[in-house]
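Both of the next two complexes hold chain A, though its partner changes from chain B to chain C.
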Partner chain A sequence: MALISADNRGLRLATRYAVLGLIAVIFVFPLVFMVMSSLKPDQQLLQDSGNLRAFLPVGDISLDNYTAAFQRAPVATFVFNSVLVTGVTVLLSLLICSAAGFAFVFVNWKGRGVLLSILLATLILPFETIAIPMLLMVAHLPWIGTEGITWGWLNSYHVQIIPFVADGLTVFLFVQYFKDLPGELIEAARVEGASWGQIYRRIVMPLSGPILATAAILKFLVMYNQYLWPLMVTQEEGYRPVMVGLQYFFQLNVAWGEVMAYLSMITVPVLAFYLYLQKAFIASIASTGVKG
Partner chain B sequence: MASKFTVSNRTGWLMAGPAVLLIAGFVILPFFLAIGFSFTNQRLVSPNPTEFTGLANYRQLLGVTTLTLDPVRDEAGAVVMKDGEPEYPSLRSLTRNNPDRPDLAGMREWFSFSTGGDSRTYVLARDVVFMKAIVNTFIFVLVVAPVQAGLALGLALLINQRLRGINVFRAIYFMPVVVSIVVVSLLWRLIYDGQSGLLNNLLGTISFGLIPPVDWLGNPSTALGSIIAMSIWQAVGFHMVIWLSGLQTISPTLYEAAAIEGASKWQVFRYITWPGLRNTAVLILIVITMQAFGLFAQIDVMTNGGPLDSTQTIVFQAIERGYGKQDISGGSAISVILFVIVLSISLIQRWLTREKS
Partner chain C sequence: MARISLKDVKKCYGNAHVIKGVDIEVEDGEFCVFVGPSGCGKSTLLRMIAGLEDITSGQMTIGDKVVNELPPAERGVAMVFQSYAIFPHMTVRENVAFGLTIAGASKAEKDAKVAEAARILQMEHLLDRRPSQLSGGQRQRVAIGRAIVRKPQVFLFDEPLSNLDAALRMDMRMEIGKLHNQLGATMIYVTHDQVEAMTLADKIVVLKDGKVMQIGAPMELYHNPANLFVAGFLGAPSMNFIDVTVQAVNGTKALVSNAALDPVEVSAARGPFTVGEKAILGLRPQYLSVAEGAGRLHGAVALTERLGAETVVEVTLKDGKPLIAALSQDRVFPLGAAGDLDFDPATAHLFRPEV
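Up next is the complex of A and B:
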């Protein structure tokens, strides 16, 4: 290494970028392929996958696949359902989990130590191990709606929302964040006679921007990409989210162009959102690792 | 800060209550229900009342036994050969309605091997598909955990250099993490396609046609491997970011000291970087292992457990039974088995990576 002279520096730099670029191609090519294929008729799509044209918008380019996808399945309904379920869950989760984190860190009450350890213990329970009994459970739960009391939660929005509002990880993230806030501030406010509600709203929440973003992004990714649970609990198409809606594109002959159009429609907005906020996305994933 | 001003039982319960209740109701309760159902014959919908059946579900799932058979001999005592191989008595005569061997009733051959001499040992399982699911899941975890963690570390080291535009590369490597695994699985189905798949075309082109096309997902010997490769592609960026945050906690003064001492790159990694990543490594290993045991969506979208059960997994079996066949008790028993496996492995990992004092 000591022999490397100034002349070699340019070459070394170029090699570095070449390696980084090659790896970038590996990560990005399926996504480019998806978007480009969505613009092509099926026959051309399959022909093009034999060469580099697969990654270029060339040939018979149109939005026909998108129109066809809308005709094949109630795409708008699926998107609406996903946005509704994801949005409501994220908001409720921020509210309920931040309140819990607040109570665990700032308020002294009987049972908080034990309860916090129990909540943390739930982190080792993979969702897959509770999905089946939960299916039976929600099939028998009561619900009070516009039709009075009904039994069974299957085929509804709340069956997709309520089980995911609170989780150990989100509470844990708030607890970790609140622990680093100056506790004296809260105590001083108490001495001044501020109520707990005021402290939560006026002092703690305004300081919690980063953790709210982190918790919201993590919840968003989990909820929007849900598959197993909505697959089991929504038999009626009116309540199905986008990922379950994919099944409509696999009846008999697979029309790959339409599949790619549908995949692009449900993926590209998320990718755009990610690229716009990528620092926050990456910071939120990173924060799950710190002090873990 | 346990001053009298911060004591309030009412506020504590009021604010933590909703989260505690929801987690109790939708995480802890279903977990105990799973344990409870696994000892019954509970179904999603059934006209008959549920009965307690003890360990029947577990016996059905995990029943394994061995059986050593001598080859069939003719009257002269010579081994009967068939297609160049010794012929063995039919297993069916033993496992179907054989009054002498009630313990073997309903069992099927899982695999067999010869045990010296002419005899052959058969391993019989009550549920061969579930056995295959367990083996496949372990293969998946044992490959994915080290490979994904290692590749993620490599990427993190690569990204952790001071270079103009490095954030662009970081953002690109992370991109697949944001995309749903269902979408990714569908995309890769077309990439892996046996006829016009991108992968076959690429391999054909770079080998000038020497590598024949492979039906990656339709071939029992390549299907699981293909799913492993794709899963790593999708998730490696996630763990890269966690490694990266670990790397950034290492004090720069250590690296400066190493540079002054003239340490080689490998020495720097071995004596500064790696010890500094210790806690991160433990966390990543446990997280990847837990995620890998949950393998389901890829299977459901790409192979449905096939071909020839070569991609059956524990969770896929749990869902197929609990949801597909509405056999809640069988699905619950599988869930409990999975939980016991995950718990034991994370305890073992913790023990192996404990701080040695």
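Up next is the complex of A and C:
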């Protein structure tokens, strides 16, 4: 009896690994294809793409495509711009959206229910619908910089950052998470004399690791993949991010090897960031099922 | 210094009146227990004193300050919560010192005060642990430690023992009693457990539906309950209530009887009663005894619970109503045997039916 059940367990485990392995393969293969293709000249790349060789480092392998990509476009500038804009936006967004979520959940003030509803309603607005009004707005806003007051935000980093630091989804994530924190912790801190700021900093933030990671990853992906907005607001190459930079590879003749090399390079920051926060991200997703 | 006074204090959530005009005076250094069934408003009242809930109307003073509008931190109170509410990301030491840290105390001062609190609560060995490494009783100590370290004028306890098992609850109950003697601070303690109320309190406030039913020393409430609710709420097993008819009224005494009860003259202090009127006779199970010969109450034994030191007997009276008697010592009664019971009329309470 014991033997049979042990066998069964082994079989079940094997099946589970097989299924998970298959899913992993499905998710990983496009990445493998991208990296492998970036190492091959165009002709071989196109020949290989119909068979399994597409996923293997075989044939005429070199880093030529990478060199060519750097010659065709200022790759380093694009990556730097994207990492800067994305990084600053993520940090500001975590700060502002968590503070907003804190105010919605813990502080009692008139109209918070209505305001939260309005905020959530913005989730259903596609960005494209507000892109033009927003463009007209930022084109006339004042900015205080090293040159004193200037008008219009176009061609800058802040025009890519400020419109995205606060958004309904991120606030909503924090609101949901904070609602699950035990209210008595906050009340205990209040009785002990802590101000709202101190409660936010000393009690709520230290307990929010998982949701900070989740919000950071989601915001990172959105920001890193920005295309339409930077295309509208940056005419100068010096401020353009990676996705806009992709255009450079589709002008005149398309060199697929170079496209793949460029894509491989711009994927690295995303993967690095995700792997860094992965543990907390999974903990957060997993905990949504067991709370309450 | 830390006298607490509530004058016609009310609390409404929209149209729901949760606290319906409460007057309570808690003297300096007194241990006051708010007791009542679930939903009676006792926790809400405590949270209003703490400043965690607004006061809709009325006046509340702590010491000689009106605190209606003051935030919790400025009221000089410390609170121990039912769920302990200790901060999971801090060590025990950081938890206990939290209020001092917020107040900007120096490290030396914090260390000294935390050490003293730890000594009083015998938890010196726990100071560097995290809350997740503590048992329920230890967490409760940490919560109390956090409260005493700031030397507040008033301690508020919100059902602090209800998450502990029975044995630990008794230990902690005694410790809280000792702590009160040691610190001499004003304490307000909310519970639904009448044993905690009876054993800890200098003064008990019995609440029901947001109203004060009676305020007084535990024994005063036990021996002289103001109404049916208080009589039934305090004491275990709870008081027996027998429907009777008033046969005669003689000054402060009334003669009452029913089908199972021979006429007996009892105090009519909660009157006025008139002849022929229905009334309710309250008899504590502990004050009933087995009659030698014919007793005043007539019935048959329906159930016996032998607890060793005492025996709880349920008797079905002649009129079909059950009656509980708690008799001292271990005794055996055959099921269905005639159970005639007797009592000292001085221990009986006569109530008007409506409360």
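The rule is short, and it goes like this: the second predicted complex is superposed on the first by the 236 of 292 C-alpha atoms of A that agree within 3 Å, B and C clash if a C-alpha of one lies under 4 Å from a C-alpha of the other, contacts with A are read in each partner's own complex, and residues count from 1 in each chain.
The criterion applied here is as follows: contacts are C-beta pairs under 8 Å (C-beta built on N, C-alpha and C of every residue); 3 or more make two chains touch, one makes a residue touch a chain.
Please read these numbers as outputs of a predicted model, since none were measured by experiment.
When the two complexes are overlaid on their common chain A, residue A:L207 makes contact with chain C while staying clear of chain B.
Of the two partner chains placed by the overlay, neither chain B nor chain C lies in contact with A:Y157.
Counted by residues of chain A touched, the larger count belongs to B, out of chain B and chain C.
When the shared chain is aligned, chain B comes close enough to touch A:Y274, but chain C does not. In the superposed model, A:W143 makes contact with neither chain B nor chain C. Looking at the shared chain after the overlay, A:F70 reaches neither chain B nor chain C. In the superposition on chain A, A:P182 contacts chain C only, with no contact to chain B. By the touch criterion stated above, A:Q198 is placed in contact with chain C alone, chain B being left untouched. Shared-chain residue A:Y227: touches chain B; no touch with chain C. Of the two partner chains, neither chain B nor chain C is touched by A:F80. Where the contact sets of chain A with chain B and with chain C meet, they give residues 184, 187, 190-191. Chain C contributes residues 47, 50-52, 71-73, 77-79, 81-83, 85-89, 98-99, 102-103, 146, 150 to its touches with chain A in the complex. Listed in rising order, the residues of chain B touching chain A in the complex are 1-3, 5-16, 18-20, 22-23, 26-31, 33-34, 37, 42, 44, 155, 158, 161, 163, 166, 169-184, 186-188, 190-191, 193, 196-198, 201, 205, 233, 237-238, 241-242, 244-246, 249, 264-265, 279-280, 283-284, 290, 293-294, 296-297, 300-301, 315, 318-319, 322-323, 328, 331-332, 334-336, 338-339, 342-343, 346. Interface of chain A with chain B (complex): residues 1, 13, 16-17, 19-21, 23-24, 26-28, 30-31, 33-34, 37, 46-47, 49-51, 54, 96-97, 99-100, 102-104, 106-112, 115, 118-119, 122, 124-137, 139, 162-168, 171, 183-184, 186-187, 190-191, 196, 200, 221, 224-225, 227-228, 231-232, 243, 246, 256, 259, 263, 266-267, 270-271, 274-275, 278, 281-282, 285-290, 292. Against chain C, in their complex, chain A makes its touches with residues 182, 184-185, 187-194, 198, 203, 206-207.
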